[in-house]
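Chain nomenclature is as follows: A, B, C, D, E and F, assigned in order of appearance, with residue numbering initiated at 1 for each chain independently.
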Amino acid sequence: MSQELIAYLNGEFLPVSQCMVSISDRGFGGDSVYDVERTFNGKIFRLEAHLDRLYRSLKYVRIDPRMTKEEMAEITLEVVRRNEHLRGNSDWSVAQTITRGVALGNTTGRTTSVIDDVPPTVYINVYFPPFRRYAQLHEEGIHAIIPKTRNYHPDTIDNKAKHRSRLNLTMAQLEVVEADPEAWPLLLDHYGNISEGTGSNFFIVTDGVLRTPTDTSILQGLSRDTVILLAKQLGIPCIEEDIQPFDAYTADEAFMTGTSHSMLPISRIDWRPIGDEMPGPMVRRLLAAWSEMVGLDIVDQTKALAAISE
Amino acid sequence: MSQELIAYLNGEFLPVSQCMVSISDRGFGGDSVYDVERTFNGKIFRLEAHLDRLYRSLKYVRIDPRMTKEEMAEITLEVVRRNEHLRGNSDWSVAQTITRGVALGNTTGRTTSVIDDVPPTVYINVYFPPFRRYAQLHEEGIHAIIPKTRNYHPDTIDNKAKHRSRLNLTMAQLEVVEADPEAWPLLLDHYGNISEGTGSNFFIVTDGVLRTPTDTSILQGLSRDTVILLAKQLGIPCIEEDIQPFDAYTADEAFMTGTSHSMLPISRIDWRPIGDEMPGPMVRRLLAAWSEMVGLDIVDQTKALAAISE
Amino acid sequence: MSQELIAYLNGEFLPVSQCMVSISDRGFGGDSVYDVERTFNGKIFRLEAHLDRLYRSLKYVRIDPRMTKEEMAEITLEVVRRNEHLRGNSDWSVAQTITRGVALGNTTGRTTSVIDDVPPTVYINVYFPPFRRYAQLHEEGIHAIIPKTRNYHPDTIDNKAKHRSRLNLTMAQLEVVEADPEAWPLLLDHYGNISEGTGSNFFIVTDGVLRTPTDTSILQGLSRDTVILLAKQLGIPCIEEDIQPFDAYTADEAFMTGTSHSMLPISRIDWRPIGDEMPGPMVRRLLAAWSEMVGLDIVDQTKALAAISE
Amino acid sequence: MSQELIAYLNGEFLPVSQCMVSISDRGFGGDSVYDVERTFNGKIFRLEAHLDRLYRSLKYVRIDPRMTKEEMAEITLEVVRRNEHLRGNSDWSVAQTITRGVALGNTTGRTTSVIDDVPPTVYINVYFPPFRRYAQLHEEGIHAIIPKTRNYHPDTIDNKAKHRSRLNLTMAQLEVVEADPEAWPLLLDHYGNISEGTGSNFFIVTDGVLRTPTDTSILQGLSRDTVILLAKQLGIPCIEEDIQPFDAYTADEAFMTGTSHSMLPISRIDWRPIGDEMPGPMVRRLLAAWSEMVGLDIVDQTKALAAISE
Amino acid sequence: MSQELIAYLNGEFLPVSQCMVSISDRGFGGDSVYDVERTFNGKIFRLEAHLDRLYRSLKYVRIDPRMTKEEMAEITLEVVRRNEHLRGNSDWSVAQTITRGVALGNTTGRTTSVIDDVPPTVYINVYFPPFRRYAQLHEEGIHAIIPKTRNYHPDTIDNKAKHRSRLNLTMAQLEVVEADPEAWPLLLDHYGNISEGTGSNFFIVTDGVLRTPTDTSILQGLSRDTVILLAKQLGIPCIEEDIQPFDAYTADEAFMTGTSHSMLPISRIDWRPIGDEMPGPMVRRLLAAWSEMVGLDIVDQTKALAAISE
Amino acid sequence: MSQELIAYLNGEFLPVSQCMVSISDRGFGGDSVYDVERTFNGKIFRLEAHLDRLYRSLKYVRIDPRMTKEEMAEITLEVVRRNEHLRGNSDWSVAQTITRGVALGNTTGRTTSVIDDVPPTVYINVYFPPFRRYAQLHEEGIHAIIPKTRNYHPDTIDNKAKHRSRLNLTMAQLEVVEADPEAWPLLLDHYGNISEGTGSNFFIVTDGVLRTPTDTSILQGLSRDTVILLAKQLGIPCIEEDIQPFDAYTADEAFMTGTSHSMLPISRIDWRPIGDEMPGPMVRRLLAAWSEMVGLDIVDQTKALAAISE
């Protein structure tokens, strides 16, 4: 029985090492969208909501995946099944990537090539989240640094589409790790409001109230959505509003949300310490509720897996 | 003797059909830069200037190509040599693409992965420009449409770097071809000034003066540079300045410049006719000077090759 | 008995064909405000709210109408009365227009002319809304296209004043009808948020929630207000917030509101289909409530009148 | 022989008092463009350049005047001829106004009405400039106040088109005259740079250099152009650049240019005195050169006519 | 017993006239933060909330006051105690000012001087508010004028920090008092929304609803906060939202809030009268509730003290 | 003979340690302007140009220094004379600071206090520049880091006025020194263009051409001006234009100019190495010309003094 991860690529289930695509694929120029889920105890969390978002991304950029949402779900579950024997007591990140396919355009010189009748590239795969790193951050908290590099303005390409044309995020990372190799970037939008990290949403806690940026120029994160739902269940007020660095520096707590880690506490923002303990009471309370919802203790699992992850 | 085009990929010269890359390559998320030249009579035009620009792009995004500019030139020339028997009386587009390589990062969860010690992916290839399409446009002129989708602001990622993270350009094309399938997009920058097309620079002629957008948020096109040099030689005044749609609509002539076509006249902008003849006298004059410089009549060659190109 | 419509102009009730104004009237340069109501079964809908808004517009631009709100209402009702014999089973659009009058200024060269003591021009008239066109759109839905031309920034002139200095809306229309002769423009504001159409407000429906742009840079439409009131009565959540094209493209339903048509469904935005049926369930529900409120079926009346309207 | 001024309106030469237009004319909503010249000794100054600009405005807003530039010139000259007996030793302002005509649209509900096949309204007239006021300002200088109301951004409607949809200019005037009844507004653009007055362009003099705003968001004034030409002839350096209030407050001299007054010195900007004498040496030098070009002393004529003007 | 006010400066209680600081203190370049409270019947109102805000300001600008919040409160109360014999039946403004101290930096040329180990300057003092002026404004209302000078963008320095680097406020005042010597400036933010006055927050009342700018770029005023709390107690709806000049001009009431005056009604904004009576019913209702909360009639006290204040 | 530096404060020549000002001085809130010169061989360099700039700053902020430019020069020279015996073979920084004086305003509650009739505070002093630090930077070059904190927009307060209300510069320094304690901040303006350092202007060299930001939002540095003049004398082309980080990263050389150091080379910008040698040929050439102009070798002097400076 194979020890290599199996992925789906354009109709076939293949070992990942055989998943090669033409360098002429438009995905090679960032012309693709994707979505990422994770499993808890092997079961994909909120798969339907993730695929709804994926199909919104596809509609926005006008890529036709040539399969229904139900078919996409079916194949995704099959990929998980084919790798189940490798999961152990860990859990997966599960990703769907769809590109506009191999362009005819660059030899025809017609801009209509973007809507030429070429099949998309569809890739679905699983991989292990970096639990060791997460375990460390659950204890120490993230140092978030706000770089000068900004998130895209919706006039160019809307960050609500989960697309892969984001060299600006790489530029933000390069800038931040020079100042602190362990730091995570926290990007401003064009108007100087905090938007999001590179793959994570941002929350602060002030006087017992959760505050998170509006979704004008950020990914509508499903972990963000889960926190909003949990807050409602727990009776914690939660407001979507414009947040400036001042608010972040002076918050009682701050944290990031993301599919692969659920939630991670922030201990410093631009070298200013946040909160009195790590993690703070709000993060602990929300993680407890989340853990209960998914039937496993998220932090405990992360720490247990840290020992065996690379 | 092989009839398939030969390309260079990470140390090897391979038939293009064998140039596959891992879907985990960071280039698959737009994390790459490139440059494109063309040949005239088989000789690459201004190769050194193109490689200078490529290395500026590399420095900006901090990708280390692990070869000198001289080595890059050498391999490029070798790729051209290996395909020479296929050129016929046509000419090549020649491209270098360098990605940040295969990320270690997505399994470590550290943003430092962007500066991890992984080798870049280097791909160098040739292909035929779409001469048939260009021949048609030399006669009819381009219909340029200004879409609502904007070019990136330098706060996010500078368009002067020739990178491949430009889904916004695809969005602009999708918008324009719905209004006119033959039209080319002409993008505004964040301030409402005309910036550039999707791969071409923009010029207008007013009262005998050439005007072109400043390089604040556009590619510093080498064809644009060639026009500026030719204008200087011919004593034609040329100004870099902010240009608004009003200026474009009311210009005497307008044209696009780009490596693969050199120059193409614009006949309409947002359905308003430009100029009295197609091409106008300034375009003809500049194309004549350019043709003389490279030793072949650019328009004649394009029309001759149109008959045999796809 | 006259078959020509009767209007009020500066103290007189005249046939419309005799309503001429001096070409020196400042209204000829856009220096005027207005408001428009419609009747249901011959009775003006929310006249008082419309006149409140008209007097807010007048206060903002500092034109003194030289009559009280009550006098304005009285004359308006008189204009309706004088045309009642022409109404048949149709209904009217009713409009008040007030300009700053005939300028003394252009011969005195003093900017104080804007507050010179000249009487305003007051014009009140009725006309039939284009029911045929509306009947068609109730069935097919509007194709809304977002042009590059933007709505005014409040730094220049606030769109909340219902003024007539809006050449930019004509520019937006010119741009949109070239792409699709049947399309309606949907303008962005300076920040890339959707603002309004040319005379209509915009709503989307997402997961059962009504969403409409904040009134930062749009007309505070009274049909918009009626929808908000009806939603409250029906227990439908309704949020005023910043809406980007992404939200519009991926909405479950979308519609426009305006005095002369009340509500019209949108079937496409930038060529992306919206919703599964035309009109969608939310539009049907709101129109039913509105029809009940005004005592006639709005869609049925529109379709009945379509047959006899030009 | 009639003592009333004669104007041209849609094919007829009529006394001004008979020049009435329908209140349904689209010009009544600011949908029109115009241009204004003046005569020196009865001869129109730079008529061809003015009509070139008028036809650029028409092309931008897509109004078809249904007559050639030559026909427009011919009728303009005829209007001047028909009023020559009334000119005396004064001079005229001469204006062409073209609207999109009487809309069909408001009864069809189709946005295509903006390109319906309706004839434009064309109005050409003469009137006396306010020489008395100008004479006073030649001696005292203008007090220019920078209001908070801004000039339009080209994203909405370009100020380079000489259109009549400018309620924002009225708002600026209202703001300024409250602070000083004699003051003229000097508007900022969206970026905080000085743009223009309400009908006049702006210049400053610093260390012997003329500086004037770039034409990004201003009327390309022909008096501005005349000053630039005169400066070139006189060997005075002249730069088009972004100018902020700081530059204006600290300039050695400042002045406005406009067709009806040619040039007027500025004595104060936001209550800060400008220059040491009124007018300053640069204004005197330029006015002398201009006077020589047109064959009469502009200031002397203005003062002579002041006595007899209203 | 001394008749001079006593203040605290860097560890000492001194007569105010002896409170001198080195001109090399960084506070002399605006590098300081402060907070201001007032007493009612000699008792400081909401001292803890003020000190919380002061310590947020300190954290934002990274000045270490070298004392705890409790120590700061203690010294503040001691300053009040030492001046109690001078209070009479009046009340105090009480202020804490903390600067970054005397720079070492300007002789070392290292930017690290900003975090050099130098002690801060701490100054705590009391003074009488200008009751005479307030008494007049309670009767006549403020004339608020919106100048062109804008409030800082949070990209530069966040107005939520109560810092003393605000020359722009002086510029706004200079602009406004030229137009009306009694007027107060009401500043726009970078986006054209009303932000705040120079030390006061702004409210309008529309249809019984309180509206006040969001805290994106304003001081989070504690008097503003008190009004929000009182409104909640009184069941008056209160919304934080973007407010444009149009909203202010057409409001039913408008008022300013500030520590030293609590609340003052606005009678005019840009020369447009606001409301029907002075003060309006909402201001009276809120002032009555506030007076009840603090145990004295705020307006009566102000008027009584007006007679004896300078 | 006193060994303490002597300064001028409000009419008196005092030892610096006795130069104390009231904490109520408006300069303590940033309401002041200043200028700084330096001496070469004890003689002030371009004093007249510096005082011209100082008086432009004063005019902009409307502070009346109550002395003529000639009187200001006279006192400045006297301060230098009184300290001459302490200069040794070093040279001075010489500074004039003028504040709006001690406010009456904070007890009257009238905004008119800004133009109350109070005398300004005038302070003139000398001090030694940090030659040791400069000597090190002449050899190693500056590491310039571009922080997220921006320079002021001219809509708030124009950076061309050399005022002392610049807490944002301190925020920029705090941000940069955390990333690299030796680094200097290089601020962007509101539009993402490089503006200036905290007290120094910025130049790059590309293909033999000097490029420096336009003076839209920067101090019009006199060292910048000196470089422009020297370049003209040496026949080196020099362009003022918008410069983005991309241009800086990819420049051949980069340097800062400032009164106290004249010029210092930049060796890195955001960790990207600039140029091939330190200093580069352009910096050496300009420094040589400058040294010749002032009669001493600027670098040699700096290095010689480094040994004896703190």
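Keep in mind that, in the parts below, a residue touches a chain if its C-beta (ideal position, glycine included) is under 8 Å from a C-beta of that chain, and two chains touch if they have at least 3 such contacts.
As the structure is a computational prediction, the values presented were derived from the model and not from experiment.
Shared contact partners of subunit E and subunit F, listed by label: A, D. For E-F, the equivalent interface within B-D, A-B or D-E is the one where over half of the contact pairs agree by residue number, namely A-B. Distance from the centre of subunit C peaks at F, each centre being the average of the chain's Cα atoms. Subunit A and subunit D have centres, each the mean of its CA atoms, that are 57 Å apart. Subunit A and subunit C have Cα centroids separated by 43 Å. Taken residue by residue, subunit B touches two or more other chains at 62, 148, 153, 155, 191, whereas all remaining positions touch fewer. Because contacts link the chains in a way that matches no line, ring, star or complete pattern, their graph is best described as other. Here, these are the chain pairs in contact: A-B, A-C, A-E, A-F, B-C, B-D, B-F, C-D, C-E, D-E, D-F, E-F. By the touch criterion stated above, subunit C contacts subunit E in their complex at residues 56, 59-60, 62, 153-155, 158, 160-161, 191, 214, 216. On subunit D, the positions that touch subunit C within their shared complex are 9, 16, 19-24, 26-32, 61-62, 97, 100, 106-112, 114-115, 123, 127-130, 133-134, 148-153, 155-157, 163-168, 170-171, 173-174, 176-177, 181-185, 190, 198, 260-261, 310.
In the complex of the two chains, the subunit E residues touching subunit D come out as 146-148, 175, 178-180, 188, 270-271. By the touch rule above, subunit C contacts subunit A in their complex via residues 191-193, 241-242, 244-247, 249-250, 272.
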